[in-house]
Amino acid sequence: MAKVQKIITFGEVLLRLSPAENRKLSQAKSLDFFFGGTEMNVGASLAVLGESVKHITAVSNDIVGDAALSSMRQYGIDVSSVQKVNHPIGQYLLEVGSDMRSSQIAYNRLNGSFANIQPEKINWDSELKNAGLFHWTGITPAISEAAYQGLKAALVSANAKGLHVTADPAYRSNLWQYGRKGQEVLKELVGLSTIFIGGVNEINEILETSFSLDKDGFIEASKHLMAECPNIKQVFDKIRTGLSASWQKIYGRAFVDNTYIETDELEITQVVDRIGTGDAYAAGLIYGLRHFDAKKALNFANAACALKHTILGDVNLVSVAEITEVMQGNTGGRIKR
Amino acid sequence: MAKVQKIITFGEVLLRLSPAENRKLSQAKSLDFFFGGTEMNVGASLAVLGESVKHITAVSNDIVGDAALSSMRQYGIDVSSVQKVNHPIGQYLLEVGSDMRSSQIAYNRLNGSFANIQPEKINWDSELKNAGLFHWTGITPAISEAAYQGLKAALVSANAKGLHVTADPAYRSNLWQYGRKGQEVLKELVGLSTIFIGGVNEINEILETSFSLDKDGFIEASKHLMAECPNIKQVFDKIRTGLSASWQKIYGRAFVDNTYIETDELEITQVVDRIGTGDAYAAGLIYGLRHFDAKKALNFANAACALKHTILGDVNLVSVAEITEVMQGNTGGRIKR
Amino acid sequence: MAKVQKIITFGEVLLRLSPAENRKLSQAKSLDFFFGGTEMNVGASLAVLGESVKHITAVSNDIVGDAALSSMRQYGIDVSSVQKVNHPIGQYLLEVGSDMRSSQIAYNRLNGSFANIQPEKINWDSELKNAGLFHWTGITPAISEAAYQGLKAALVSANAKGLHVTADPAYRSNLWQYGRKGQEVLKELVGLSTIFIGGVNEINEILETSFSLDKDGFIEASKHLMAECPNIKQVFDKIRTGLSASWQKIYGRAFVDNTYIETDELEITQVVDRIGTGDAYAAGLIYGLRHFDAKKALNFANAACALKHTILGDVNLVSVAEITEVMQGNTGGRIKR
Amino acid sequence: MAKVQKIITFGEVLLRLSPAENRKLSQAKSLDFFFGGTEMNVGASLAVLGESVKHITAVSNDIVGDAALSSMRQYGIDVSSVQKVNHPIGQYLLEVGSDMRSSQIAYNRLNGSFANIQPEKINWDSELKNAGLFHWTGITPAISEAAYQGLKAALVSANAKGLHVTADPAYRSNLWQYGRKGQEVLKELVGLSTIFIGGVNEINEILETSFSLDKDGFIEASKHLMAECPNIKQVFDKIRTGLSASWQKIYGRAFVDNTYIETDELEITQVVDRIGTGDAYAAGLIYGLRHFDAKKALNFANAACALKHTILGDVNLVSVAEITEVMQGNTGGRIKR
Amino acid sequence: MAKVQKIITFGEVLLRLSPAENRKLSQAKSLDFFFGGTEMNVGASLAVLGESVKHITAVSNDIVGDAALSSMRQYGIDVSSVQKVNHPIGQYLLEVGSDMRSSQIAYNRLNGSFANIQPEKINWDSELKNAGLFHWTGITPAISEAAYQGLKAALVSANAKGLHVTADPAYRSNLWQYGRKGQEVLKELVGLSTIFIGGVNEINEILETSFSLDKDGFIEASKHLMAECPNIKQVFDKIRTGLSASWQKIYGRAFVDNTYIETDELEITQVVDRIGTGDAYAAGLIYGLRHFDAKKALNFANAACALKHTILGDVNLVSVAEITEVMQGNTGGRIKR
Amino acid sequence: MAKVQKIITFGEVLLRLSPAENRKLSQAKSLDFFFGGTEMNVGASLAVLGESVKHITAVSNDIVGDAALSSMRQYGIDVSSVQKVNHPIGQYLLEVGSDMRSSQIAYNRLNGSFANIQPEKINWDSELKNAGLFHWTGITPAISEAAYQGLKAALVSANAKGLHVTADPAYRSNLWQYGRKGQEVLKELVGLSTIFIGGVNEINEILETSFSLDKDGFIEASKHLMAECPNIKQVFDKIRTGLSASWQKIYGRAFVDNTYIETDELEITQVVDRIGTGDAYAAGLIYGLRHFDAKKALNFANAACALKHTILGDVNLVSVAEITEVMQGNTGGRIKR
């Protein structure tokens, strides 16, 4: 995959608020805040890894929108095409769980700034001109008709230009309130994509199939997906075992070149922050595919995902060097002086 | 005014977020939070002063709504009639100014939980049965048709029962987006009220007059208001001189029993938090009118308002003893051991 | 057990102070604070779970006592019978351990406000009129003669009214400085109780027996207790295995209806706060007994206790839904969106 | 005054707790803490200024007492004679006022560790052997009989050795609960002192006189004091004008060598912390008298006192250089690079 | 002045560390940190105002250097030409004064990363190609020979290209340790500049004259400077009166087009942060000169400078709208909703 | 080993800065700070354990140096021989890792205050007069020629006086930039020492051997070291297994009196802070050797080291009682009331 060309991401930026120290909201007097959002998280992580990234979104035309831009610039993201609209930026409030206590999220994102993006103001031909890859997730078309239209136009343009298109089509049932049916839309948009980041659950949801979750089911599901959506050439999945909110195990598996591959399992015994670990995987994978072969890319993605569990906030801030260390098995935590 | 009967307030509860240390949002990593909202602020302040207070509102049916209830209970407010609805609680983000730098607020309150209150589920006859006073502000009818309907029903019931009704009818032009005309609605609702907490600007806005801001203008405006809205028996105003965001002077004036009265001016040279100072004035006034004559009530209100400038958050947390000290001229800040 | 009737708790409220981040006191510049105290913790947890709870205590007649009231109200506890006395509220300073380092507590509670409660001013007949259950622990009668007299009067009245009385008679040897003998008092008061929350150690201490700690010993001890204190109908115990200050395992066992029951063991690998876990168990049990059968109640108690290890402060703030999730085996920490 | 000899202070060490940001206690989740206590404050300030200081007290035999020792050592105070007793260290909780809102203090010091000091274990002959000055305040003899006995023994020994004895005999009416009469005791102990740090109010209280507060009254009162207590050779007073809790003016005046002297007035418009400003004055005076003439010493004391208003906590941490700057009129706040 | 062309700044980036709450370092357990440095401050402020800015510097090749880049990007500064060298980034530790207590700074900047910049690696012809203005201060040539050489090359190139060159030639005597004589170097470099941001003191230092500080002296000094350094066309000065570290007054004056102009005085009674106020003035001036006439630019600069006193950190974060408000006399601190 | 005599340590004091909550530097707005440095850490830990300790070093002649002195005094260290020099104190910036993410350190210590110590101003004969033990590490001679000269002079004097000399000769390759060869210097200085705190790696580095890391290799290496450096009588090693940055296992082994001894392994599953654990081991060992036999001393050292993993900062703050508990196998974390 050509690595010099820039990466375009498109999606909602959310203000995340959460009490520190595993506090319940009613116990807190202040809230940590971060800007996140799945597509921006992927873009930010890629920018931290050294890629050239542009994120297209709409933020509020107020001090919060300004802070969102400031935050994106900090990672090195190009924000020159971000729209400003007179709607508040979406947000979520997170109570961070621990052990058997689950984290809880209360969203406030309906009718926010990104839902009110003006798709007709985005010139995708121009935005994608020197780009090599476009990344999208299933959250974006679930937000609003405008978001869907913006995304579809991007995918059509990307296809016309022959870009790589990575799809992370997670279906979130409590979104999709504007009228369209999630399954239909996601199937349409995956059809316009080239790399599928998801597993059996996602394939079953989109294609209304019922493949099993095991290795064979994954292989069959992947083949079926490629048959239904012939643009898709690769399928990359991530298997998580949650012993508790604090203790997680992950490994990656993929179906590439008609071959099944998988990584070793990595174990995180003291989760610092689980939010954004899937986005870290996607970013690691995209970086990996631009610099390595598929097997090494999958390992890179899995190590990036594991490391994200040790980073506060939505965005994975680890470097290529840190990921490479973990890929090489150096997980004993020696101090780097 | 009978003091044993409880006080009912009705209005939106907002989540307030603001960086500490006068930071700009882009400089902060955490945000202090408080629950506020003008009518709840008045109720909370009255509860802290020892009154029996019930607040009627709608909060989100999630962890944020739970935290709002917890916060109100902390002040001693009866929350047994609060509705829970599937809309996020409104909020505002505040950058706290200093000296010549103004504080800035970004709101996110449109279509929030209170805007979606179900007025038909409030049994005002029952809620107001043992109440002595109902307090409302001009924010509530500006939020949504449902909020307007709920408020109007309350005022009709309160009038039928002969309650005192305090009106703080500030006109906020950037609200009123649901269709009704602010001036008309406020005039209607002031007509259902007995005590007007506002001054020449408010009267001019509501009655479309143009009285001058000086003492004579205030007296004429008050008389005109009482002529137009014969239920109104008293008018209480507050005059603020802002030397800077950090240095303010305030005094109260009133037109009561056909007589003009005013207080001495109090000066705050190091404002801790200016939000909610008007609500502190209203609460001080209501408390004062239930316990003292109008002149002393006005002084109590002015001292309460001044003291609120020294309290962080939306709600005035000072005690009757602290307000009384200031009324007596003990403003030198001696340590109380 | 009837669930609509309110629950009465009686005991000392303590100000808890502790450095954050596992700091030693000499390393800290600020201290987190919470209000706790075993009986209040039980009451607060029950209020959070939705029960109607009243706590009777004595707090200091100063700003600290006011803050204690504010804190209790926040949980929804009825504080209308709390006394204010001219003695400082008791407190404890906690250095939070980790791994093999034990937490350390320095108390400052002798001759505090609760020790100086005026038992003659409590009208137990009135307080217990519509109550369904009274809860006490072995801390209360250890504090002072006044506390003992207040508690005994409560138990006599509760017995006369046929209330459920839950006893958590932990014997704390470094209390009991006012003259009475702990063993004698506890035996007397357990005799006035109906549900015993404790195990072999507590029975051995109170009855001066020496049953073994294993299952058979627990059954024998329970039978012996019921023979000595015939009011006691149920015995509920909790078995903790501490791998370290950070890693704990717990399960519950009980002797009910002449039958031994026990729960599965739950494991907490990253303890956030161990204080108040016993109170969480007691509260979970009381809630469970009012809503479920004894077996399910025991499971509810054990899950509540496990979850408390993930909550900062003395009080368990988890909801019925969160406890139910853990009871159903959903301990993998999935994010709730 | 000889400057090489060490200074001995004797008195209670208190744990001070206070919310930051002018918060009310019920608004705070954490409390800043400092160790203070008037005599220790004086000692610590003198140690920071470069003097050799030993503080004699009794602290609790627990982690809080250890932290108190650690804090005193940090300033450079010799703590080798501090007793450890099985009583909690005294404490006070401070809500910091602002503008017209007074600071409020809730004490918890009765029957604390210092009240239970064992005076018979202090070998004053040995402690005072190489000392040049002993400092005491009116708080110490108000705490307990043991504290009184310890102090009196110290003063007798100091007199026998010809030490300078500085007395700051503030009468605090809410102490003195152990039986002795404050006025009598203070008169006795001032009689054993050589330098009086106090003014007309203190003299009137101790000698039961009624001198006026103006300059002439001060001169007359000073003469009367020297007549009644012939050991007293110098009287140093401090006049404070409180415009608000945030805005204070101070100047010093003295009667020395039969002459009245006074300083210019210094104005503090943004008080950071007013606690311990009197102790800063006393420490500045003692330092000044050991290094300068009385006039310059008075100026040094007044500048030290003014600067303390800019320092958080009980103890004045400014250097000789910083005080000297202010004495020279450099109060414009230029940055020192 | 053409406003579309970008602005180039060149100078050291410093890590600033300071205790919050006016604490002394020995009282703090954590330090706020910001990245600053006079030239970067000017660049950041200009970027916040909307200008296109590139800063050229050298940072450490470690996690601190990465954080410095991240910080600059946040403001929108182009960091694509920043060098990474194997020397630690310079830093300063700031104790923030208050009232008559001066702030104190301890520097650690000698032989840091910027002192080790490689001037030969900067292609000034390329860097300045599309630029409109180059800004420098007297700090840069005082750091090291390499810094001097880099700056001189920039000025020669800027002159050749006809750029505006703003010089803020403050002479800092405790720098200049690498061998060159400050006065000579500054005179040389001012000779290569077009706009002088400084006053009588700076002119006297550079030209070894002794003009008086009053208006006439300023005019004479300005004329003399323009005679000695004929490239200089405008002189902009700022007059500060420090009542205390917390209370400052400032106004601007200038000699432009052979005419003396000055602004009204602005008063800041509660300084939040005085560091970087001179840089805010310079940035405001540069912005003003690119958008307004000299008189309005001077007012803009003075208002920007005043507002910086209300912003924490080194960089002025206020917007054009906020500055314009103050220029229009709206200094009463009304809340912007 | 005689225990009454004081212990002398000699080495650099460093300012440590690190973000809390495992944050990356670019995510933090404040940094926790501590003073550390390997030799000072050992001295501070010994002082906390009750030993009499003097640390000799050079700090900066500014507010940071003052704070370093204050910090050392807090532990009870005698700082009366610390030099003040006009160079900034060294520092390191630490990003704290977690799980498989390593901690990262950026140093800024070259040419700092300790590197510029004036060895000729230290009178070692006087300093070591009543001392019983001198401790050094391999960091000190790596800093500068002056540091090397100071250390060598100390060792020569200590040998002459027959003191115990503990050597912790870790070779840090990124130091040693002033010209001398680390291996040669360390061999020379170990030759002047009596107790070797290190293992096979250190022996191989110093003696340019290649013993294996297993038990036999350790025994052979120890014998070889004693042959080469006949002053060395005991060798104490520590074996760490890092499962991750958060999960570590350690045990101690030694070769003493021609006998191999080792401890049980202790496991830390939730590392709070790994920095300074080696210094905690050394301090525990020194304390142990002064109070117990070698076997018990080794156990004490291992328990002290394990406990340090639970303490924030560089210095081990646990007490003899806490270490003894762990030595006795009480690692279950019971609360100490």
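Read from first to last, the chains carry the letters A, B, C, D, E and F; within each, the first residue is number 1.
FYI, a residue touches a chain if its C-beta (ideal position, glycine included) is under 8 Å from a C-beta of that chain, and two chains touch if they have at least 3 such contacts.
If you're wondering where the values come from, they're calculated on a predicted model, not measured in any experiment.
If each hop has to land on a touching chain, what is the smallest number of hops from subunit B to subunit E?
The least step count works out to 1.
Is the C-beta contact count larger for A-D or for A-C?
If we tally the C-beta pairs in contact for A-D and A-C, the bigger total goes to A-C.
Shared numbers divided by all numbers used: is that above or below half for subunit D and subunit E, i.e. same or different?
Under half of the interface numbering overlaps between copies: different.
For B-E, which listed pair, D-E, B-C or A-E, repeats its interface with over half of the contact pairs the same?
When the residue numbers line up for over half the pairs, the pair is D-E.
I'd like the Å distance between the centres of subunit B and subunit D, where a centre is the mean of that chain's Cα atoms.
Distance between chain centres: 45 Å.
I'd like the Å distance between the centres of subunit C and subunit E, where a centre is the mean of that chain's Cα atoms.
Each chain reduced to its C-alpha mean, subunit C and subunit E end up 62 Å apart.
By residue number and range, which residues of subunit B touch two or more other chains?
Counting only residues that touch two or more other chains, subunit B contributes 20, 24, 26-29, 70-71, 74, 104, 107, 269-270.
Contact residues on subunit D for subunit F in the complex?
The contact residues of subunit D facing subunit F are 70-71, 73-76.
Of all residues in subunit E, which touch subunit D in the complex?
Listed in rising order, the residues of subunit E that touch subunit D are 21-24, 26-27, 97-105, 107, 172, 174, 241-248, 269-270, 274-275.
For the complex, give me every residue of subunit E touching subunit C.
Spelled out, the residues of subunit E in touch with subunit C are 27-29.
In the complex of these two chains, what residues of subunit A are touching subunit B?
Result: residues 17, 20, 24-26, 28-33, 60, 62-64, 66-67, 70-71, 88, 91, 93, 95, 104, 106-108, 110-111 of subunit A touch subunit B.
Write out the stretch or stretches of subunit D touching subunit E in their complex.
Going through subunit D, the ones touching subunit E are 20, 74, 266, 268-270, 272, 306-307, 309-313, 317-318, 322, 325-326, 330-337.
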